[in-house]
Amino acid sequence: MLFQVEMDVHLPHDMPAERADELKRVEKARCQQLMRDGTWRHLWRIAGRYANVSVFDVTSHDALHEILTSLPLFPFMTMKVTALCRHPSSIRDDDR
Amino acid sequence: MLFQVEMDVHLPHDMPAERADELKRVEKARCQQLMRDGTWRHLWRIAGRYANVSVFDVTSHDALHEILTSLPLFPFMTMKVTALCRHPSSIRDDDR
Amino acid sequence: MLFQVEMDVHLPHDMPAERADELKRVEKARCQQLMRDGTWRHLWRIAGRYANVSVFDVTSHDALHEILTSLPLFPFMTMKVTALCRHPSSIRDDDR
Amino acid sequence: MLFQVEMDVHLPHDMPAERADELKRVEKARCQQLMRDGTWRHLWRIAGRYANVSVFDVTSHDALHEILTSLPLFPFMTMKVTALCRHPSSIRDDDR
Amino acid sequence: MLFQVEMDVHLPHDMPAERADELKRVEKARCQQLMRDGTWRHLWRIAGRYANVSVFDVTSHDALHEILTSLPLFPFMTMKVTALCRHPSSIRDDDR
Amino acid sequence: MLFQVEMDVHLPHDMPAERADELKRVEKARCQQLMRDGTWRHLWRIAGRYANVSVFDVTSHDALHEILTSLPLFPFMTMKVTALCRHPSSIRDDDR
Amino acid sequence: MLFQVEMDVHLPHDMPAERADELKRVEKARCQQLMRDGTWRHLWRIAGRYANVSVFDVTSHDALHEILTSLPLFPFMTMKVTALCRHPSSIRDDDR
Amino acid sequence: MLFQVEMDVHLPHDMPAERADELKRVEKARCQQLMRDGTWRHLWRIAGRYANVSVFDVTSHDALHEILTSLPLFPFMTMKVTALCRHPSSIRDDDR
Amino acid sequence: MLFQVEMDVHLPHDMPAERADELKRVEKARCQQLMRDGTWRHLWRIAGRYANVSVFDVTSHDALHEILTSLPLFPFMTMKVTALCRHPSSIRDDDR
Amino acid sequence: MLFQVEMDVHLPHDMPAERADELKRVEKARCQQLMRDGTWRHLWRIAGRYANVSVFDVTSHDALHEILTSLPLFPFMTMKVTALCRHPSSIRDDDR
């Protein structure tokens, strides 16, 4: 099932640069692994904000929660989660 | 370039059913044409709301505006438009 | 999977009483059928508002959308949908 | 009487991990005790947020306040409290 | 138990004056009956708004809901309900 | 004249417990003195929040401002002030 | 005592022009009478909105409420009322 | 030309008292100088908040910006700026 | 002096098409006249909304108010007015 | 293509003055370079706020994101990005 998740990242100003870079490195690795699995289906950057819009394809709510809350940047993010359905007008087969 | 557009539809309660059905029919036809063109890239229904989350791939802002405002349901919709970029972590080639 | 859904009902002031009563009658019948199926798990009235807080147990997002949008009162309701997971501290077996 | 309580947890970024873990440990113990008493009736996690939706069954407002404000995580939580009633359509006996 | 209820009244502009006056008349009678019962404990007008702040003393949430939703002006009111407790600093015996 | 004042208290997490307790002690003493004077007429705790709803009976706006801003907890509080009038339906003599 | 009152006017689109003009005429007459009395102290138009910012000098909350709610345009206005005090830095004698 | 400016002051809790007092002292001196010039026309305290409502009479937007941003407390203030016009109903000559 | 004005247009659904077209025709003529005068400096459409962002260059607040409120579409618009200054970093001479 | 970007700057109170000045210096240099390139088309200060309204002319969303997020002050700014189109009524050739 599909979820849209909008993530806004707010790193504390006084976080040492190395720590921030390390967090971003492991976040990116984790994210790309999830994209390879097909779980993290879509990931776009929102222009002008340290934020993204994503679409997740998960088997359960628990799975979604586990993925999101285990992201390295989770403690520094606010998330808006929206449950999606296939749209009756959609002609894209894989947009179930 | 990609835009996310969230559309909420509010049809007046006193609109005759035939008119509403006709609007929805031509809206669906228009939408599917745009999806076939590749312009209306993604279209998902938001669970529990007469609303959708879409991703448009357009050549210019004017093109986006022309498409959105010419939708049959436009007068009855509120829209939230968000400019998207390719995300540096994304591994999907076509999610430019 | 579980969803919390908060529903606020706004019937137009000028709706004839008979129509409103009929809508409420079929809404109640539909609701109780869904409760018997175990789909509409919990239903509480919010004190002081023509609104309720409900918990739905559905098999998919599409199923949830189908149920909510087919409710007789749907055109007169605003809905807030929240995806729920089992809480790691919960001791209620059936609160999955 | 029943109350819905939505709790959002915001632990300071600079809180030592041990202190956070200890707070969560005693919070969980306290919560499960209250669930065994039947006071903390329902507890669900909100997918994608360090937050929960709960239903409390208490004898008085003072009792509710005492329970909520004595939770170990209370100083780090924002709470939205909603008074619930039995819904005239509900068929669940114990959802009074 | 005590509840604060803030009520904002919005009568439709096109409601005939006689109907509005009749509604206000029966609302006032109902309100004063409830005040005599001790149920509608406090009632103040908010300066500059067709709105009031009230404190109700009721035996249950259902009782509160029954009282509020049976007010003649209920269909034209938005209500904000807040559960109150005795304050540990209060020295007023009857402000339980 | 009467004012409703809603006060939300936010003590910094890193405030030493002794300082917080001392602040609360002097706040309580000050509050009870004002209640004895009849100035701080009503004081209720909002269930589930470190907040209260109060009704003040003061001789002037300046007096209200002086009382509120001189409360020991004032620097840690956000306040919403609403001017009240006697309600034409009220039957409580002293709710002027 | 002084109050700031911000008034936004929303006349229904389908109100006959003559009625609107008559309302505005009697509103202006009433307003200017109150200004002559010194009650309506200041009245400024908000640039770009059918709205004003005013300062009233009244003897009581009831008086303020009576004045505001008896304005001919009151049913078509939303009002924000703010209690003012003399500012300790002010050097204008009459800005008490 | 006239501007209404609403200023809310939020001094950090951990600011040393001497620094806060010094800031307030120079703020007051600056403010009173501007009031003597006729630039800072009106200044009222909002009852119950460390905030004020002011009316400025300036020759240009740049002048307003220069005045506001050079206030000693500016870094600790949030400001809401509203352009005012003479109201057609106003009878106060100097309320241009 | 410069003002940014954001205008959102909401024409009633039941307005006859001819009336709407006539309103738009005279609005366009009025707008272009003001642009020729240099008063309406910039006018951009907001993509996806029946709304625009404009920059006005006016001699006074009254002038701005007169222009905006005399626009044919004014009764159907909500406006957000922001006073602008020349930015110290700007290198565009005419962006005063 | 054109974007309106509203930028609000919030520098931490405890940032050393030299660091703040250096940030502002390099921000100004960067900004003026972009204005010379024609990318940063318009830049106005919002009166009374440490904020600006700008119009950017960029070749792509990625370009816009790159410019905005590489601004020295970006970590201390909140940004609102709005996609603009040429307005059908505009007579300014270069306001495409």
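Worth pointing out:
Each chain gets a letter, A, B, C, D, E, F, G, H, I and J, in the order it is written, and its residues are counted from 1.
One rule holds for everything that comes next: a residue touches a chain if its C-beta (ideal position, glycine included) is under 8 Å from a C-beta of that chain, and two chains touch if they have at least 3 such contacts.
This one's a predicted model, so the numbers in the text were calculated from it and none came from an experiment.
By count of C-beta pairs in contact, G-H exceeds the other of the chain pairs G-H and C-E. In this assembly, the C-alpha centroid of chain B lies 27 Å from the C-alpha centroid of chain C. Centroids of chain B and chain D (each the mean of its C-alpha atoms) stand 39 Å apart.
With touch defined as above, residues shared between interfaces to two or more other chains in chain E number as follows: 2-3, 45-48, 61, 64-65, 81, 83-86. All chain pairs that touch, listed by label, are A-B, A-C, A-D, A-J, B-C, B-I, B-J, C-D, C-E, D-E, D-F, E-F, E-G, F-G, F-H, G-H, G-I, H-I, H-J, I-J. Those residues of chain I whose C-beta lies close enough to touch chain G in the complex are 3, 5, 12, 61-62, 64-65, 68-69, 75-76, 79, 81.
By the touch criterion stated above, chain C contacts chain D in their complex at residues 2, 4, 27-28, 31-32, 35-36, 42-48, 52-53, 55, 82-92, 95. Every residue of chain H that touches chain F in the complex is listed here, in rising order: 11, 13, 45-50. Against chain G, the residues of chain F that register as touching in their complex are 1-3, 60-62, 64-65, 81, 83-86.
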